[in-house]
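Two complexes come next, and they have one chain in common, chain A, joined by chain B in the first and chain C in the second.
Now for the complex of A and B:
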């Protein structure tokens, strides 16, 4: 093997360790609940990747996770932690739902793009707040994005139980959006909607933005060394703010896709923690948008798989957070051990 | 709106009680930050400790056991964070966010494993008020401050003790030095690594105690969203208080007042949808942040791993 191939294997090794850790933690949790661990791991893989319908569900979960993780990556590359992906997803979903209600009479070819643009705009608006506050007042974006998550969530609760509520559904669910505003399915048997293709395009676009444009160069320069970037004449504050706005727009698209591709309405539980998962994926992918495609697919399979175990062995939904965080902790530990004296 | 409503004794009394988790969590965070450790996992730790405390009390029937479990959970997770940050020199925000996710997941996982799915969630006894002798009989002030549950007094004692420790003992001085300039501190024989590890244990225990206070003083139950951003707000209060225990505690009272006020308003007014009132503390937090960041100076080495052999 050449030195380069060896280096490549060494870079991949932690991911193998992470995968083993994920399955190990899962097996322990299932065994603790009194289930058959090897059978559960088998059924997890079957449910998420082994059938056309299961794979379709995995693709549907990949869409918001990929949008979310490239959103986090874009922020991280500019040196900003966007913890507000969940809030931006909700803001995007609110704007998308609102525009979908208004666009009832439009042909699909106009209505769907309008809904997507609205989603991006809603997310961008929520991303602009931490962006401006960081650029103008030096306020940490971590706090602002977290607080906006709560505010966005309460706003969705208001809309879904109040003015947009579907009285037939009763719960925190809005009326369905018009069929002319929904994303097409990729194939009836798979049950996957076109959102995953949009997310794929977004990941490629972020890669292109980061590595092939002047703005992307400035983003990376600011993230790597803000002092050097400033001395080099890059407007640091403006670059970080714009990166956060773009990051919010990407997360907002996830919200729009969830509304127009999957739920066909705005619901309070729209994001079962996509925001925090996106952060984990971004770190796991070492802030690379193309690696995030694979990592998002893996996390989505894990979500769909544990969902099926929820029905068969009673594994709670929260188990997926434990498994995902454990993967990252193992990875961080293996990095730490390698570099420790 | 009249002034009587804003200064209603029952409102202020509630605010004092609600300040306890914020004050304890910000005191714990502050202790860690002064030693140079940034604990971004705090919201998760508060949630996990609340679950641990609830389950401890649920299983044993004793609130004391619950408080110990909560503090131990906080200490353990924070110590793990310190190990990643100090021994393995990993990025503290990354590790902190990962541990945050782990704790939130673990909290509801443990709850489900122990309690299972029930129609009515089980409850634990909330702490009874303990009137202090003589002080409790004072008019007005006695009712607001000295007829509270035991954790109010404990939190006040913790804040006072932390102030004394940080600014009036030599160990406190060394701890602050480890957070300001670990190279210089190490040179004169301060055990930077050891101090950071101990700060994580003690600070984490305080954060855990804050989480434990939630089921025992506010809800009587455990729910997934029990922390409700209090961990993040505590993190913010450290900045608000300029890294001083008294300043952070004052901030805790201010936020608890806004929180209690929102409760009160929701009871009084039906014109505004409750969700908008619930947004209030978080919107207030953003406004306060802008002010708090003006001229804020964090400990110099906060969040930076200390590498003895690195060239500076």
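Now for the complex of A and C:
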């Protein structure tokens, strides 16, 4: 094994320790909440990774998390903090749903790409606003992206309860998109849709962009030291703005994939906090898109697994959130452990 | 009379740089003592030794004639030494009162009323009123400085050291500060005013000590001091040594500045009608006391600043679009002064740092090649003797001197690859040891011999005289004098730098 490979394994070790510790904390918490701890751990593993259907659920959860985390990573690498992933997911979902309604008559081979492109464009549009404001007027992207989250969310509420509402549902959801616009399944037994493959391709594309293109070099330079980058001839404002547009497009794809792969419609609760989780994954992955692949998968397994505790051990939904949060804290602490020496 | 504080033979070394090389200094009670010198002369380091921030490698400190050992800031405070740093050390969210009494609250519970009475009577005695209940962040800079002074006095300072106290002040605030200092010394305190501004020491000080390269050059009473002498001491009055390069033979014009104006974002005029020329094969030195427009000059030539008036021509063609990128394309490169802030990409590798500025010329947009970057970086590091763990190491791990060498390597590697016509170098050898300085000088000379031109902006007159074909003097944003090699005379140059006489 080369020195570099050894270093990589050593870097990974704290996470393994963290994972074991997290499972321990989970067992203790479940016991404290009156559940059967060994059964809970077993069910968690089975529900997320240990069965074909469970693994499918995990893959479906991985798709938006991976899109979202590489979106955050691309922003962070340019020195911009994109907190607007949720808003961009919704913008992408709106655009994808709208195009899906319009594309009703098209063959699947045309309709699906059109829906995906629309999702990317919707997210990119929402990413362009903070990008331009920061490049032109120096406005912090943090404010702008947070504000746009609200705008996007309320716009979805309007659409899902108003013009696109499904009158039969009695909920804030829209009519279903035409079957010709939905993503194919990876296999009937697994129940996973093709979105995770798209997300995987996106993560690889972000890696390629960052490390194999001149633009990616400039993004990394700008994020590292904007003054030095500017004096190196790099147009800093334009680079940050483009990175935020691309970041928004990636998040928008998450929205499109959720609509056309999972829900088959636009719903108000489309993003159960994917934006925040994406930030966590991005930081845990040390801003590296390939590490984010593994981290997103792990995160998705955790979310799917702990969700299952409601059914298997009979934990109330709120207790599941407590368990999730506690496990996350332990994982984040293990990140701190890595930095300590 | 015993001086309040005396420092003798103080030595302090940081890595390769001998910051203090046997420095002596003394200050008496009842005087404002100016400590004058260029950036890097060792003024602040010397006073940091006195205030306990640095332990000296050698030398003696006496307070009231008694030798003392100052192990840390607390020792200095106990001895009555108070320092007001250039960047204030105030808790911005605390009120002025809380800042003044910080660390001296006594006991667990704050007896606000008693503390307040103490501070109010102190303010009255020394004539320094400040609003005690406002958070410091809401106060103007001049008032924040008063809070710092009060803090030092509250801790019982008998000697007040102020490091470049006028940098951030308006002219009115400077006037007020100087009259405050005057009243403090009349009350028997000693004051040390660290500055590189000659007019200030002449206005505010009773005695003046000039430092250069970590040593004391001279101490004079105000009455015996004049601006020209002070500048000579600051910049070094050594007669010009042998030239480092063959004289240039009147090549084609590379750079023309005609009446260039630069006004910064605060509305302050930085360059006020600057006119100069650099021809092929020529090193043009720019002398001047720092703060006379050097940074704006470098910025406007390198494209980082847009001029607000005048004309810039590069190789005879007027420049219309500014920005560093377009300037690099026309063959103008810059070795910036502040390497950490303006030069280095700390988390990227040494090799990635080497190709910055050249990356667009090296690779088509979608064909960035990390292996090529690595090999270019490896070659540059070897050629320019940058000491680092390897081309893949993060540049932020490098020491200051090696960062400086890395930036020079970036520029010279780019120049070797061709298409570079003009280098702008601002204090390129500051912080470098002697062999590295010699090496960099040789690189500059070689660049000129290959048909390039250099605009060398430096505060080191020896360096300018050694390398330059011509020296122009920048004073208040204008070129006030020009000297050809035959006319080099440190005294004449020094006088022009002080704005004493305008020689043409």
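Throughout what follows, the second predicted complex is superposed on the first by the 303 of 341 C-alpha atoms of A that agree within 3 Å, B and C clash if a C-alpha of one lies under 4 Å from a C-alpha of the other, contacts with A are read in each partner's own complex, and residues count from 1 in each chain.
By definition in this document, a contact is a pair of C-beta atoms (placed from the backbone, for glycine too) under 8 Å apart; a residue touches a chain by one contact, two chains touch by 3 or more.
In this text the structure is predicted, and so the values were computed from the model without any measurement.
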Problem set entry | Touching partner for A:320 - first (chain B), second (chain C), both, neither | first
For this session: Tell me which partner A:328 touches in the superposition: chain B (first), chain C (second), both or neither.
Result: first
Exercise. In the superposed arrangement, does A:138 touch chain B (first), chain C (second), both or neither?
Worked result: first
Exercise. Is A:220 contacted by the first partner chain B, the second partner chain C, both or neither?
Worked result: second
Exercise. A:198 contacts which: chain B (first), chain C (second), both, neither?
Worked result: neither
Exercise. First (chain B), second (chain C), both or neither: which does A:150 touch?
Worked result: first
Exercise. Touch check for A:212: first (chain B), second (chain C), both, or neither?
Worked result: second
Problem set entry | Partner chain(s) touched by A:280 [first = chain B, second = chain C, both, neither] | first
Exercise. In this superposed model, does chain C or chain B come into contact with more residues of chain A?
Worked result: B
Exercise. Quick one: in the complex, what on chain C touches chain A?
Worked result: 302, 304, 323-325, 327-329, 334, 336, 341-348, 352, 356-357, 359-360, 363-370
For this session: Name, in rising order, each residue of chain B that touches chain A in their complex.
Result: 40, 43, 84, 87-90, 93-95, 97-102, 104-109, 112-113, 224, 228-229, 232, 235-236, 273, 275-276, 278-279, 282-283, 285-286, 289-290, 293-294, 309
Exercise. In their complex, what parts of chain A are in touch with chain C?
Worked result: 211-218, 220-221, 224-225, 227-235
For this session: Note which residues of chain A are touching chain B in the complex, please.
Result: 29, 32-33, 81, 83, 129, 133, 137-140, 142-144, 146-148, 150-151, 154-155, 157-158, 161-162, 273, 276-277, 279-280, 283, 316, 318-326, 328-329, 332-333, 335-337, 339-341
